[in-house]
Each structure stands twice: as C-alpha cells, then as structure tokens.
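Letters are used for the chains, namely A, B, C, D and E, taken in the order the chains are written, and counting of residues starts over at 1 for each.
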C-alpha cells in the first residue's frame, strides 16, 4: 500500500506552473486556491489519498469530494487540501506530490501559505529557492531577510531546492483564524506574476461569511463523528 | 501478513450493490444492516479480519462469529461490523474492502451511518459521489448543502470517488446512543431506492429492548476480558 | 525476523485435538492445561517466541523454560502460555499458532479461558464456531445465549471460524484472581468430551497453595528486573 | 538497515564458551565481565550497534568505544554492554547476538546478571536450560526452586533453550546500586566452572571507588547531552 | 522511500577530511561550521533530507535552504544541520551520512559539539576513536580521562570506530545557550590540526548579536507554523 496515492489523469502539455495550498495559518493557502479554481473554472483531474490523512470528506450540495484534490486549467495546476498535514508526515506528503509531478514538465512550483505576524496589515512575504527565482518577487512582495518556515510549505520548498525545481513561497500575513483577506492579497501577487487577472472583490465582499463558514468546517474536521451543516451557505460567490 | 484479510467465497453474478454498515454514531449502520441480513435471510459468505481490529468475538446462542462479516443475497452484498474502526485505520480498512470488491462487477456502494444533530427527528440525509448518483436520492432524503463526514463512511466514499465507483451515503439522524429508530429510517430509504420492501415494524417494536442490548454489548466490547450476557434476549425479532 | 516464531518438532499422526490455554481471567486456561500436561505427562515438543512477548522466563528447580510452550501426547496437543497476550497482538499470536498448525491434520481446537461473573459458582460456559460443534457441548456446559468474548481466546476462535476449523471455547466462571477451582471445572468438561479421565482432586486439594503461588509469579512477571522465589513450593502435586 | 548490527572478525577455533554481561540490577554482569576482559587482557574483536540502543559512547582517556562490544581470548568470548536494554527490544538483541554466534562452534553460553533480594548476602543463584547443564552448577551456586527471570538475560536463556544450546545463568544477589562485590561473587563461580583463576581482590579493594564511578556514569548515560567526567579515576586497578 | 536521503554531487578528489556540526549544546557545532563555510567560501554541493527531520526551512534574504546541507572546499567537506537530531534517530542519521561518505576516499572525520560544564572557561576537550588518532589532539585540546558522550556526535564516532575510519570529536566547553565563543575555540583547534588559518575575530566581535539571533531562530524552529524575522541582521559579518 502506497503511503501517498495520487490518482489523476496525466497533466496535459508542457511548462506547467503548480500552485499548492494547504490549510496552515489563517487557511490562507486553501482559501486562496479554492477561490482560484472555482472562479477560473479549473477542472478537477484527480485526488490524493493517504493512510496519513484524517478520514474526512467534505460535502457540497450533497456531493462529497476527497479532501486533497488536483485541478488543472491551461498551463496551471492546483493542489488543494481541506485537511491540515501533521508535521510528522509533511516529508512524505511533499515527496508524494513531487514524485508524481516529476513525470511531467514542471516549470515552477508556487506554494501559498500564511505567516502569523500579529499585525493588522495584509502584506505578502516572498521566498524562493534561488536568487534568480526570487528576483521576480522583489517588486510584488516583501523579501524576508531572515527567518524560518515550517510545515508542508517548508517541505515542498525544501524538495524544490533539493530537486532543482524553481520554487516560490507566497506567505500572506495573517492571524490564526480563517483569513480570506490575506488570501486575496496572495491572489493579487499571483495576478501579477502569472498574469491571471482574477478579480478578488467577490472574495473580499464575502469575507465575513467565509470566515464564519471556514471556522465552522475547520471545527467539524477535527471531530471524529459525522457532522452536517444545514445552512445553505454559498462559499465563494 | 496482510493488513486487512478478506476470506470469502467469490460474489456470484454481476451488477452487485454493496451495503456497508459500521457501528458509528447511534450504531445506525450496523443495526440497520444486521436487521436487513437477518430478516431477508442473506447468506454469510465470508469474514474480514485484521490486526487492526480489537480481539473480540460476539456469541449468539453459543455460536461465535467474526466481528466483521460479508453476506450476500441475489444482487445485494452486505458488509457488517460489530466493532468500531479507529480513525487511524479507516483508510486501510476502506481500501481493503474496496480492493477485494474490485475483483467483481460492482454497480454501486451504499454506506449507512449515523449523523448526530441533537434533534428529535429521524430524518435521513443523502450524499453521493457525483451529481448524477445524487439525483436518485433527492426525493427520498434530505440533501446536505454543506458539511463534513468523518470516519470509515468518509473513507469508503472517498475511495468510491477516487476509483470512479458510484457511491451513496445514507446518514440517519441520531443521538449518541444505540438508535434502531434511525436505523429503521435508513431502511425505509433502502426500501425505496433498491425496492427491498422490508417491513421495519418489528425493528421499531423492539426498539427499547435493542437499545438496551446494544448498549450492553457495546460496553462489553470495550473491555479486554471475557464478558458474558446471560439474559435470553432476542435481538431482532 | 518472524513476528511469531514456532520452533517445534512436527506433530505426529493425524486427527489432532489442540488444547490452548493462555493466562486470562483467573488464569483459568494456563492453570488447567499446566495441570493436564504435568499429570498426563505430555512431552514438550517446542516453544513459541516473539518480539511481542515480554522478556520473561520461568524457572522450576533451576531449569528455565520459554514462557509459551508446545506439548503433545497421543492425539492431544497443548499450547500453554505463562505470559498474558496484550490485546494489540492477539491477532498476530493467534495467526502465528494457526499458521503453524495448518501444516498438520487438525481435528478440533479447544481454547480454555476464564469468564468473570462475580458469582460464587464454578460453572463452565460453552461456545463453538458452528451449531454442529456446539451440540457436543450442550450437555456438559451452559450455552451463552448472547455475549462477547475478548482477548486471545476470541482471536483463536475467530481464526477457527474463518479457516473452517472446528473450534470450541470452554469458559470457566471465575473471579479476577488465580482460580484453580474454575480450572478444575473446565478439566471436568475436557474429561467428558475428550475421555481424558483426569482426576482433579489433587488440583482442588492444593487450591490454596496454588492461588498464592500463581499470584506471586504473576506479580513477578510484571516486574522488569530479575526476581527469585526461594520457598520450595510444589506447584501441582 | 539491520536491526542489530554485529561488526566483528570471526571467532577463532571451536568449542567457544560465551560470557554475556549487560547492566541490569546492580550492574553485576557488566562490572564482572569488564573486569574479566581487562584483567585477563581479552582482545576486542568487534562491536554491536543498533537503532534501538541509546546514542551514547563512553570515553576512557580520550578514546571512545561503542557501548556494546565483543571480546575474545582463547576459547572464551565476552559480550559486554554499557547500556541497559529496554524490555521491548530484548528479543531483538538476544536474537541478533544468537544469530551471529550461530555461525561458529559454540559450546555453552553463560549470562551474568543481578538478582535483587534485599538481603546483605552476596550469594550466586544458578539456573540452566536443562537439568544436565544445571548439574555442573549445583555445588557452586544456590539453585532456585521456583521464580522468574526478566530482561535481556531471560531472552538470552530462552533463545538458548529454543535453539538447543547449553545455557547458564549466574544471578548475583544484589541491591539496586552498582555492586562490584556481587560481581566478584559471580567471578568466583566462573573461576570454578571455567577454571579461570582470576584474582578478585583488586575488584573488592576498589569496590567503593567503582561504586561511585559506575553510579556517576550510569547517571550520565541517561542524559541526552554530552557530559564529561574530569577526575582521573582508574576503573579496575 | 529512503530513511535518510543524500542528494549531492560526488566528492571531488581523495583524502577528504569531513567536518560535521549539528546543533547540540550551545549550538557549538553548527555555529562553528556555518562560520567556516561562509568565511572560507565553501561551495554547497547537496542536501540531506529525511522523514525524521522536522519540516523546517531557514530563509536568508528570501532564499530558503534545506536544514541539513553538504559543502565542499578543496580536501575539506562540511555537513551542517540547522535542526537538532532526536536521540531516537541519531543511529539512522549517522549511518545515512556514513553510508554516503563510504563511496569516497575519506581520510578522517571530525565532529564538533558542545559539552556543558557550567564553568566560564571555553576549553576544548578532545576525543578520538583510537590512541593513534588521539595523539594529534594531545597538545591542542584537553583529553577527557573518562566520561560519556551522547547524541548524534556519539553515533557518528561510534560508527567511525565500528567502520575503522579515523574519528575525532572536538567538544567545546559551553553553557546551554547559543555560544559563538565556544565555537570560536573549536575553530582555533581546527586551525591548528588542519592548517585552516581562519580568523575568528569577526565571530567573537559579533558574539552578542549572534547569540540573540540564534536563540531566536532556535525558538522559531520549534514552532509548527511559519514565523518570520524581519530585522536585517547580518549573521556572521
């Protein structure tokens, strides 16, 4: 039994840019990428399952989906997780994703995460695996002079560094509650560096609702019994 | 040594529908399917054992049986467990069952589980792996707009989704004690979608007895020493 | 490295009946079978060792022996353990024993265990893997209408059920201290169903001494350092 | 990666007697054998390392050595450990040693350990794997009528029993602090049964110093950080 | 999946001396070697990653790097870790490094670590795997008459001993906070035994700053969420 099982159709075409968002601080990465795939109508191409993931499935209008999913649109690929990854398995998960991607022609990997600063601003900090890659972020983000990154984002970027794949980290300044405003700030950076041109206003307009909904789901995910949410609550507009 | 060992004769015929019931909230799934296999006189065709299961055996009139069992009648298959599955092994158990089923021609999988709402109603909520499959449930169940499902039912449905097998979840509204009334409500849905025509009145009539008996067995299962129950207590009529 | 290592000479002849006794409630099984093998002068034919067993060895008159042992006399085989088996490894131990036995012609397996009822009687409850096998116990034991069995005895009987080997469980009514009187009651049932004709009076006469000795050894087994017992105490006659 | 890695030159010649000493109660075994190999000028022929051992190295006059070591002189082999073996890995360690020894012609294995009696005497109790082997100990040791042995010494002797290799256990009466006087008593038994003729007076004369030094090292071994001992303290004369 | 994954270009040339520094007591080893590789402009040739390491990446001016890295300059190789190694995996990590090095012509391995003495001096204690190797340290370090070493440094030196590779340990006297002064003292020894001629004054001049910076990073590494440090703080001049 494989530790990390990727079931997906193959990526189409070459020079793919892979966007990765897991629910860390402020759920910045998963909220941002869920918004991207829904608004830009990415196609779901697969799932990632693992004995290491909690046994959880999310339902939207009665249709369930795997908690970690693969999407694709044109030269963009998205990896989105509804479940947080425990520190002890970040290495396995990062390698499982990277081993699967290694079959295709990957141009760059960008991981979106939150970074807690306890300040009200919504800046985006940029890190990269090399100085050359970092240059593209210098105008769009704040460069961290020194610091440490942990969790699945650190494992993904360490693997990019080790495997020689250009890797970018966009760290949205956040607090420790669901934070669509920080997610919107990271999408603005994606807009600039990847020419996505995605309007973040719907996300900002629904920030209050989303914060409530995400907090509620996040709480449910941590229970071991089934738990419904009956309010008809549109997630991203 | 295999993690999950299925010992069974092969399923007979094609287009099998598989009913799965594990003892989660309210023991809804296991009470419902135990009633189905006894009343409809399914044949036991095998057992599932695993190093991950607690070392427990139930006895009925002096005859012991394995805690996880396979039954068959016509185009219906039932997987019933007397033991709850710990969250850390749901992935392995779900994959063990699905890998074994993969040898046969499976039309659909329906997992029965409980969902705690802390309300007195006994509604049945429906979820499915795709919108097409869900359509068949729209008249018979309430569709959950949003929520999360956890435990072995989530793992089974995630595997259905990943493997492209039509999957249904019937979630009986329940409280956190053995709940044959919720089980009866899920059987009413099975009656409609699979034309089973099973009378649930005997189950409802014995609800009080069953609640007491199941609570007692459930308690015993959690002890590590042998523990008898001497009252002659008919379980399902 | 095998999980469960059986080192033994092969069983001689066919149609073997295997008696199994592990120290569960009241140490009923291990006291009963130790008495059987000593009084009937079974020959020790092997040992079972495992990384899962505690690192313990018992000494009798200066000669040490492995804590789990195999004995044989005529068509009877005995498996006796001085160490209790932790619930998490019952599956492995039961399968290790059954896999080894599978090489030979086994007619039936009878596991002796205790069952706590908190009543002063010393009845023996009978369970079996099928109704046919159970019939032979109906006159000699009380049949349990419903209940659960746990621990290594449950794992052994579940494996018998799964593998289609006739299996019997004799559950001696006991309290949670070493109980040679309950062991004697199970031997009386063995006398009847296997025509052993073993006099249990010496066991009953020494009940007080044995209770004290077993309690003391049981306590020592749970310590991690070496611990002698210097009184010259005859165990079984 | 092997669980237990023996790196050693092969044993020379035939009919080897293997002395084994691990630091159990009173450190009786390790103090006794360390004295034997130093006084009799055994040659170190190898090391035993394992992922199961704590990451510790002892230094003598600036030269480090592995915590578990193999020595040889003439027909004697010694296995000495500075680190205690946790109960959960005794089986693996005993089998690792026995598997390695199985390549050579082993006449007998003698394991030296402590046995706590809380009495001031320094008797030596003798156990063996068979009655025949035990006869040689009857004059030199006290024979234990009944009792239990635990830890690595129990695992070694159980393996001797299982593999049919003559095995002896010399259990020095001790308290739960480093006890060179008990070690000396076990060496006196070795003197008689193996004709070693080793003078234990130097060991007895330095008993007070050794007790202090061993207690101090033992304490250090349990810390996870580096810890020196700067006093120039001769260990064994 | 390998336990310890070394991704590196091959070492160039023969007779390599390998310097190893992990963050133990006072972070003596990692501060010393980080200073060496930066001042002497070693080239980074690879990374070591493992499922056993915490999922952490350090960033310098926005560029992330793996927490365990390989460097080379002329006949010197350096292995530097930003993350401490848990005692339970020191064996695996030491063997992973040694197995990789075994492909090349290694002359000697020197591991730098701290040793807590709770004294204000900054002496360097020397240990080695043999008396011959130790002779080269006798003038430059204090030789420890007796004591124990633990952690990854102990595992590295035990493997050197077991594999017959000359091994040196330089233990800088330190307290339990980041201690660049102790690191400087160990570099002075490296200067003498390897003719490195590295000026430690810049390290000493920035000791106060470094102590603060290292303490802060060390604290961050232990958190599981992303954590930036925004002050522009030059680490080593």
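To be clear about the criterion, a residue touches a chain if its C-beta (ideal position, glycine included) is under 8 Å from a C-beta of that chain, and two chains touch if they have at least 3 such contacts.
Since the model is a prediction, treat every value here as computed from it, not as a measurement.
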item: Shortest path length from subunit A to subunit D (each step joins two touching chains); value: 2
item: Distance in touch steps, counted as few as possible, from subunit D out to subunit E; value: 1
item: Rotation in the CA alignment of subunit B with subunit D, degrees, nearest 5; value: 145
item: Centre-of-Cα separation between subunit B and subunit A, whole angstrom; value: 35
item: For subunit B paired with subunit E, centre-to-centre distance based on mean C-alpha positions, whole Å; value: 57
item: Touching two or more other chains - residue numbers and ranges from subunit A; value: none
item: Chain ring listed from subunit A, with subunit B in second place; value: A, B, C, D, E
item: Partner subunit C, residues of subunit D touching it in the complex; value: 3, 24-25, 87, 90-92, 94-95, 113-117, 125-131, 134, 137, 143-155, 157-159, 161-163, 167, 169, 171, 176
item: Subunit E-touching residues of subunit D, taken from the complex the two chains share; value: 1, 5, 7, 47, 49-51, 53-67, 213, 217, 220-221, 223-233, 235
